[in-house]
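Heads up, there are several structures right after this.
In what follows, subunit A forms one complex with subunit B and a second complex with subunit C.
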Partner chain A sequence: MALEIIVMIKQVPDSQEVVIDPVTFTLNRGAARNVINPADENAIEAALRIKDKTDAHITVITMGPPFAESALIDCMSRGVDDAVLVTDRAFAGADTYPTGLTLASTIKKLGKYDIIFAGEESTDSSTGHVGPGVAEFLGTDQASYTSESWYEDGFVYAKRELEDGTEIVKMKPPTLITVLTNANDPRRATLRKKIDAMKKGIKTMTLADLGMPPEWVGLRGSPTVVKSMRTIDEKKREGKKFKIEEIPKLVDELIEKKIISI
Partner chain B sequence: MVGIINAVPPENLDEYKNVFVFIELRNGQLSRPGLEMIGAGMNIARKANEKLIGVMIGDNISKLADDAGAYGCDIILGAEGKELKQFRTMPYSYIIGEFIQEFKPNILLIPATRNGRDLASRVAVRSKAGVTADCTELDIDLNGRILLAKRPTYGESTLAEILCKKHRPQMATARPGIFKIPDREEGRKFQKDIRKIKVPDEMMGKEIIEFIPKKSLDLTAAKIVVSGGLGLSKAQGFQILDDLANELGGVVGASRPTVDLGWIQRDHQVGQTGQSVRPDLYIAAGISGKIQHIMGMKLSKNIISINTDPNAEINQYSDYIINDDLYKAIPALTEEIKKRKAGKKTD
Partner chain C sequence: MSEFDVIVVGAGPAGASAAIKLATSGSSVLLVERGDPPGSKNVSGGVLWGDSLGSVAPDWEKAAPMERYVEAKGVSFLTKDSKISIDFRSKKLQERRSGYTVLRTKLDGWLSKKAKDAGAMVASGITVDKLAFKDNRVIGVEQDGDIITSDIVILAEGANPRVAINSGIRERLKDRDVAIGVKEIIKLPEKTINERFNLTSSKMGFASEYVLGFLEGGVKAGGFIYTNKESISLGLVISMKEMRQNNNTRSFDLIEQFKEHPYIAPLIEGGRVDEYSAHMVQEGGLKSVPQLYGNGFMVAGDGAGFSFSNGMVLQGMNYAIASGIAAAESAIKAKIKSNFTREGLSSYEERLKSSFVLQDLMNFKGIEEVTWSDMIHRGIPNMSEELFLSLFSENGQPKAHLINLLIGAMGHSDVPRKDMVINMYRMLRRM
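Now for the complex of A and B:
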């Protein structure tokens, strides 16, 4: 039987297009295009590499607004078999708990799953909590921060990159893997696959399909609330200019201000 | 596993008391991020007049517990066993889950290291709790004993304050390198409660088949970081940065493209997808100052930019600007520091 692989992806504002407002020092995301979260592209590639070698079927899922469909079509154009958009007004404002809950519930509804992939974190919320959260909801094992993963003789292997070294782990499926940004070189979409994807289309699920009460999800289902946001007080930087010949003067100042010690 | 269930809050919040901090071990030793949690938790526990409980999991941890106690915990609550020697999410989250049920802590702090985040995500769901990731400021509002967790968002431009009013414990992961490790107080009295916990077989999870240690470069601990970018134009350019960093007692950082080109290893990378640093002095040589790089260094106390382009974006973030070729400026700086050191010796 084919290995069932799920990849969780999220659409985020393109961080290369987000600009810092020079006055308020906040990010202006208004103008930014939506793209697939960078680490999630690596997660898709990690899934496709398993499919390259093993009989596998890949489903990509996202919880997001209807326009996230374009991201899903993009995934299918790279070789992902099916795509599911979980969308509902009720999901808005979710923190990591209900996001994980909604995704885990979707995965359960889809049926069999052997390996679930997620990105290490998303660039817009950067918590990295959603992947392992889904693993806990489903009761599966997990390997986070992986640079490589493979499937062999019924086991899933992964390389976890930690601060002090690399850990190689062996797991029984089902399991969840989170993939590091830049872990691999994601393949590009092909035109033929894109045409196939548009023909096939994506599947949509709503809260009703998941059969959960509305107070479980979205803002209402979130344990955390954002109380306030404030611009981080930027230190006023003087930008004092020094010429090469004035380096002794610069060093004097650094020593005097105890920025460096000799 | 928690099952597919919503985050139901506990009925009686007053039952939840005291501050749990997870003292992460690395290689069977106390780790710096782990000890920093004692510092982060102590302020809160003192203010709320509650106990600070250090949670420790590993093999043979009694000595380490004594060591950690000297940093200021009221209780060290431990679980030990051969099979707990290395961090693994499943058994570790099981044990912390059991401790939470028994002790009902009001707050739980975990270092935002890779294993710490891996663990916190899971414990939060297991306990139906809320968790705030990667905090740089933590405080408590005594009215309701609410954790005030602050974390930078949107590329370090904004500080969000996040609360979790109804769910317990109130969890946060705290960014390494921010909170101060308290001073040791030898002979300090504290309670030690170390247990042998039987973890159910199905909670043992993955097998670690190999660990390949690397000499870890901890950019976040450095007081001085000398970073290079594409302006170096070749891998060998890092040599002059190395020389300067050595003279200053600092370490070498890098922009992402230099890492992608293989000029230097990934653990030197500063920025959104690298490490975030806030040293006393950050020197950016041949770095343009794109937002993804800025995010990782803009909280540095002092910044020097060396760039041939007078309009480089990095200049807006700099205290000192040398508008010239880094191949002239860096060696000149190194020479000047050397001269000062030599001068000091003869004084």
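Now for the complex of A and C:
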């Protein structure tokens, strides 16, 4: 029987384009285009690499607004079989706790799952909570911060990058793996797969489909309260121009200010 | 049986217009675009001239993301210390129709969405490798080893026609075919733009071309400044030949020299560079127009060499749109007759010939020899500078007649007087 793989992704504003609103201190998402969270692209690739060698079926899921559809189609254009968008107004304002809970409920609804992949963290909030949270809600094993993973003889192996070395863990499915940013080189979409993806389309699930109580999700289900947020003003660096012939003067000044010593 | 009636390669103004036209008339269309989202890889100076969009999007003036209406159009010659300009402003320009400044990321995104809404399948973020052939006929496109089939392929891939070259339907680009365009989008407040360019409202726009006769090493380049709502498009176009002859020239140095000119710098002062880009520009005129159509394919837009510059206006998007629509109409006709051969698509050339697209290119054949001449880049600017300096200064000497001043000024032009006269005649004829 085919291995059932789930990949959880998030659409984030392109970090190169995002700006912080100087008045409200929140991310001005409107200005930036939305992309797949970079680590999630590596998670997709990790899943596809298992499918390259093993009979597997991959479903990508995301919780987000309807325009997240394009990110899901993009995943299918790379070789993911199915895509589910979990979307509902009730999910708005969720912190990492109800997000994990909602995704875990979605995965349970989908039926059988052997391996769940997620990126290590998102570039727009960088908590790294959601992946491990889902593993806890589902009660599965987990391996976080992995650079490589493979499936062999009924076991899932994952290579974890730790501060003092690497660790290879062997786990029995079902299990959850979070993948490091840049862990691999994600493959590109192909035209054939993109056409198929657009024809097939994505599935959508709402709060009603999940059967969760509304007070468990979204802002209401979120224990985190953001008290305030502020940007740090960039400190203006002192600068001084010297002409080539003034280099001795520059050296003297640097010694005087104890920046260099001879 | 093909998967699609038509595959359109490239979602710029040519490809997107073709896709809108085709989808609206009920054809199944696949529009494939390298950039994701569509528009993100597309660059042009930034004025859409005319009303070509009218036939696929009658409401475009209201609905499409236009920046400002060109009510002030300039042509300037810059020397190191001077600026000699025509600054034409007219309330009648709108009646006669000029153009709108546009930002391509927005405009092309809008066009693609329009194509999608009309029923076309839009696949962005995908680079087509080449055309797929069978029995000397195009049967679709090839991408990553797969062939996607269609009765007709419309190639609208822009100034860098890689698919056409990879497919062997056109030769590799030669220096004479292309120029390099470099461009910056400089952010400035709406009000500041209105004040600096003397615009009475934020709908009114200024567009100007510049002959940059002062660049280091005597490099010939043409500059442009167009006002958007809250930014300025500033850039220059330099021919490949010029780049090669001046080995130490870098396009990004040239744009800095343009920006630092004493009469350009104040226009952009305090602005933040929001985007910079570089792109090939079609320059070869009619000479570079390759095979426009063949068995199962048509070529439209920049990829077919459809752009126009006489030094006073630079146009490309209007030709792109008109040629894209002409290709779509020819495809629709071919479908009715079920004849997708070269003969079945021959109405494409007829359509182009009877429209401004090919007529402009034919009428202005050889104009690039004028626009890149010493006469334009050194002769006229230097002569005019001297002439106006003599006219507008007062040094206590007896005044000379204009004609004598003119002859005297010609001596400052770096170009022999005889050549000046011959060139002047040639230029007027070609323009």
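One rule holds for everything that comes next: the second predicted complex is superposed on the first by the 223 of 262 C-alpha atoms of A that agree within 3 Å, B and C clash if a C-alpha of one lies under 4 Å from a C-alpha of the other, contacts with A are read in each partner's own complex, and residues count from 1 in each chain.
We adopt the following convention: a contact is a pair of C-beta atoms (placed from the backbone, for glycine too) under 8 Å apart; a residue touches a chain by one contact, two chains touch by 3 or more.
Everything numeric here is computed off the predicted structure, so don't read it as measured data.
In the superposed model, A:I232 makes contact with subunit B only, not with subunit C.
Judged by the touch definition given at the top, the superposed model places A:L101 against subunit B, while subunit C stays out of reach. By the touch criterion defined above, A:R33 reaches subunit C but does not reach subunit B. Once the two complexes are overlaid on the shared chain, A:M198 sits against subunit C while remaining clear of subunit B.
Looking at the superposed arrangement, the partner reaching more residues of subunit A, out of subunit B and subunit C, is B.
Shared-chain residue A:D74: touches subunit C; no touch with subunit B.
Per the touch definition, subunit C reaches subunit A in the complex via residues 3, 30, 32, 36-37, 40, 121, 123, 125-126, 128, 141, 143-144, 146, 148. On the side of subunit A, the complex with subunit C involves touching residues 33, 74, 77, 188-192, 194-195, 198. Taken in their complex, subunit B has these residues touching subunit A: 1-7, 9, 26-27, 89-90, 93, 113-115, 117-118, 120-122, 124-126, 128-134, 148, 152-167, 205-214, 216, 218, 224, 248, 260, 272-273, 280-281, 291-292, 294, 298-299, 301-304, 315-324, 328-329, 332-333, 336-337, 340-341, 344. Of all the residues in subunit A, the ones that touch subunit B in their complex are 15-16, 18-20, 22, 25-27, 29, 38, 95-98, 100-101, 104-105, 108, 123, 125-133, 135-139, 141-145, 157, 160-171, 175, 181-182, 212-213, 215-217, 221-232, 234-235, 237-244, 247-248, 250-251, 253-255, 257, 259-260, 262.
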